[in-house]
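So, here come the structures, one by one.
In what comes next, subunit A is part of two complexes: it sits with subunit B in the first one and with subunit C in the second one.
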Partner chain A sequence: MPAKPKPVEGEKKVFMTGNEVVAWAAAAAGAECMYGYPITPQNEIMHYWTRLAPKFGLIFLQTEDELAAGFTMLGGVLAGRKSFTATAGPGNTLMQEPLSMAEMMRLPAVVVIQQRGGPSTGQVVYSQQEVTLTSLGGNGEGLRVVYSTSSHQDLYDYTIKAFNTAWRYRFPTFVLGDGYQGKMREPVVMYDPELRGVELVPAEPYVGRPGTPGVDRPPAHLRNAYSIEEELYEAVMELVREYEKVAPEIVEHEAFGVDGARVVAVAHGVVFRAVKGVVRELRQQGVPVGYFRPITLRPFPADALRRVAATGVRLLVVESAYGQLARLVKEALSGLPAEVHGLYKPGVLVGQGEIATRIKTLVQGG
Partner chain B sequence: MKGVQIQPAMPRSWRPETKPHKFCPGCGHGIVLKALGEAIDELEIQDRVVFGCDIGCSLLAWDFFNVDTVQTHHGRTTPVMVGMKRANPELIVVAYMGDGGGYAIGTQHLVNAATRNDRITVILVNNTQYGMTGGQMAPTTLPGQKTETTPFGRDPELTGYPIQGPEMVASITRDGAYVARGTVAKPRQLKGFIKRALQNQMAGRGFSFVEALSTCPTNWRTNAEDTWKFIEKEMTKYFKVGEVKVPPELARGKGEREDG
Partner chain C sequence: MDLDVVEPFFTLRPIKRELEARGLQVVARERHTLGLGETGVPLPAEAKWALRREGDVILDVGYGAYGAQTLNLVEGADRHPDLQVLAVINVARPMTATVEDVVAHVRELGRVDGLINNTHLGEETTVELVQEGARLVTAAARLLGLPVVATSVVKELAPLLGGRDVMGNPVRVLERFMPRAFW
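Showing the complex of A and B:
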């Protein structure tokens, strides 16, 4: 049998939408199954995946809803194929049901979220209002990994990384983008991950391994329901211990200018791009300001942020939501006398002008 | 020589370590699962079957077989097995659920998997109510039947008539689908239906669906005699037992008897 062609060979610079980037990145990461349901603004991920499918032997099914998209994805994972789905808004709400099963059963599901406005149907364009849902959703403890991307290069890099993280640690993994990232075009370098030394963690089947169950090997008996409180308690605590053990290996952030800063702006996603530009410019003007960007929202880079906050800076959380990132920040800083201010614009971008104004006011003690 | 051990005859594909099973006395699940176990044995597919069970009493079967098994969420066994089958068509997948899982919370999955002609086998146990949660009305509850949420009897004016599941599946599937309704009152016939539903999947022909009429004396609050009367006399007034749709290519197995 001839080897399947690699979706991305070598390295190439392209100019495309974020949704197209995700489809290519998933294929480059060795994903074989996408199960999805239409919802704006992530549809083009499916559109491009279905066009890549015949060429690279990929599987696709458009399901009847997001519940089915999520659960068929889990079926694909159980069968031993890297599988993913993509959704947004109300679809993300439904997606929490299959993802809580993935959490309980350690199934390496990968979900790309392109956030749209909420609550409810909201708007189909953009927001950062799915932070709480994506990070802590489901009837459980939020034992999942959430990468927040802020550029198309991030979408490419972190989609590949999401499959590796999921299959290495066996916790469900999200790539949290937004409608602007999904729909706009920008330059990105696509590459064969293995050429850059990124080893692709192989998938393994949970069911259907060789041999007759009970004769040659024990049967796989996979469940998420337990009979009594103590039994579930033990199972959940085992999950928690495992999650806490691997979290330091997963957690990521980036920071700039935090030493000697009087104000540190905290932002993620595309809002971070605005913050980054403002902070760098103000720094050049001598304003004592820095930035802190959590790349993983779950696990949250709490230790790194606590070190920043311990220097007595004032924090300004900037986000296209009404304090969802700020909640994670405040929890991380629990017990520290840090001042946390907010610039909250649910469902709209935050302009550089207003960010600069707030930072200057805070620097001057206002 | 060891002492004589008397053990009831069990299908080879059952897992003896988990027997006796966890269903209530008089429950029909054990009979359906025996029929399935025998069908797996006869087709010699124990190494290829993946058994998926729903929430509700069906979840108690999560460690029932020496067969790879995944227990899912309420109503979601169908999509899990659809996703699995499409990812690895070599597997023979069985989605096992109750009437609440298949006909209420998971109806959209049943309808769409049937419409797409997904090559999976669905076995749906119909005992006319929600067993695990304590006996509430299901889409299959008979007119006049008392349940916890219809304490004065199901009023069809308010809540409709029992769903005709196999008939619905038959009407939305094309040639190639296999659809039948069996009953634990006729276990041999039921085994035949399940076997043909598996064979139909193995042949890659299409969606295969067996509804099994089953007993729930615990929630029906019936003794043995009334339990039997209810399944044989009352349920069959609304649920016609037999094959509803058979692909022309699916030849009758030799020596199989239709009526047990």
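Showing the complex of A and C:
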């Protein structure tokens, strides 16, 4: 049988929507199966995946809802296929149940979230209101990885990385974008990850492995249910220990101008683009301001942020939500006498002008 | 005229007034919708009767899974003598990156009367890229038996291209409003 063609060969600069980027990146990462249920603003991920599918031998299953999409995705993972889904808003709420199972069973599921406005059906366009849900959702301890992207290049790079992280560490992994990132178009460099030295972590089946369980190999013994309290306690504590052990290898952030700054703006996702522009401009004007961007929201780069906060700067958290990122920041800074201010605009983009005004006010002690 | 019924005009809200100030009538819902996305949106009545208007009427049928099918919602679209359906092609988009891809894409759209080479990379567009688009789109048009109506290029690059592209297609100069839209 001839080898399947690679979805992305070499390297090429292209122009496309963020949703399209995700579909190509997943294919480039070696994903084989997408399971999904339509919801705006992520629909085009499914549309483009279904266009790629016949060309590159990929699989797509549309299910009856997000619960089914999540659980069938886990079926794909159990069978040893790199599998993913994409959702948003109320779909993300439903997705938490299968992803909670993935946490319990250490299943390397990959989920792309294109945030929309809430609560409930809200609006279909944009927000950053799924931070808490994506980072800490489900009836568990939030044992998952969440990458927050802020550009199309991020969407490409971190979608590929999400599959590697998931299969290397065996925790469910999210790529957290938003409706603006999904819909807007900008140039992005698509590349074959292996040509850039990115080794693609191979998938392997959890079930149906060769040999007789207990004779040729240990039984798989996959469980998401524990009958008694102490048994569950031991299982959860083992998961927590594993998560905390690998977290330092996963955690990522980006910072600029924090040394000597009087104010450090903290932002993630598409809002970070506005913050970055404002901070760099103010810095050129001599205003003592820096920025801190958590790239992983789970695990959160708490140690790095604590080092910044320990210098006595004032922090300004800027987000299109009512303090969801700020909650993660405040938890990370627990015990430090850090001043945390907020510029919260749930469901709408935060303009550069208002960010600049707040920063200047804070720098001047206001 | 915005005919995208799933994700309509609202992304262009910031530039609607600007377009109107230049004498364009923009037929699109701005805020008064029942819902967007999966809840759908009813077509404004004036969009259904768009082809009865005087002057030039430009219909944006959007993109995505249903392509040009939304034209079915416009009264008389199947028989209006002046209606032209033009497929706007950007070969910097991976789905229309080769002659073969462009041909397949255009065939999926249904009725198409001509192609426009709109190859670009946003602010990173170069003349070489536009000309490469002209070559590929013209080759695809020959296979499809369709004319290339124009190559479009931003006004900043237009002087470098001249009145005709490398394949002899006429050049249309664009002024970009989209950077001021939501996306």
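Assume the second predicted complex is superposed on the first by the 358 of 366 C-alpha atoms of A that agree within 3 Å, B and C clash if a C-alpha of one lies under 4 Å from a C-alpha of the other, contacts with A are read in each partner's own complex, and residues count from 1 in each chain.
One rule holds for everything that comes next: contacts are C-beta pairs under 8 Å (C-beta built on N, C-alpha and C of every residue); 3 or more make two chains touch, one makes a residue touch a chain.
It should be emphasised that the depicted structure is a prediction, and the values quoted were computed from it without experimental measurement.
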Subunit A as common anchor, with subunit B and subunit C clashing or fitting: fit
Partner chain(s) touched by A:Ser83 [first = subunit B, second = subunit C, both, neither]: first
First, second, both or neither for A:Tyr48, with subunit B first and subunit C second: second
Dominant toucher of subunit A (residue count), subunit B or subunit C: B
First (subunit B), second (subunit C), both or neither touched by A:Val308: neither
First (subunit B), second (subunit C), both or neither touched by A:Ala220: first
Touching partner for A:Met190 - first (subunit B), second (subunit C), both, neither: second
C-alpha centroid angle, subunit C to subunit B via subunit A, nearest 10°: 100
Subunit B versus subunit C as contact partner of A:Cys33, first or second or both or neither: first
First (subunit B), second (subunit C), both or neither touched by A:Asp65: first
Which of subunit B and subunit C A:Tyr180 touches, first, second, both or neither: second
Nearest Cα pair across subunit B and subunit C, whole Å: 20
Of all residues in subunit C, those that touch subunit A in their complex: 6-7, 10-11, 35-39, 64-65, 90, 92-95, 97, 120-122, 124, 182-183
Touching residues on subunit A, where the partner in the complex is subunit B: 32-33, 35, 59, 61, 63-65, 67-68, 70-76, 78-81, 83, 97-98, 101, 205-209, 211-215, 219-225
Residues of subunit A defined as touching subunit C within the complex: 12-16, 20, 24, 38-41, 43-44, 47-48, 51, 116, 121, 123-125, 180, 183-187, 190
Subunit A contact footprint on subunit B (complex, rising order): 13, 15, 46-48, 50, 55, 59, 62-63, 65-73, 76, 79-88, 90-91, 108-109, 111-112
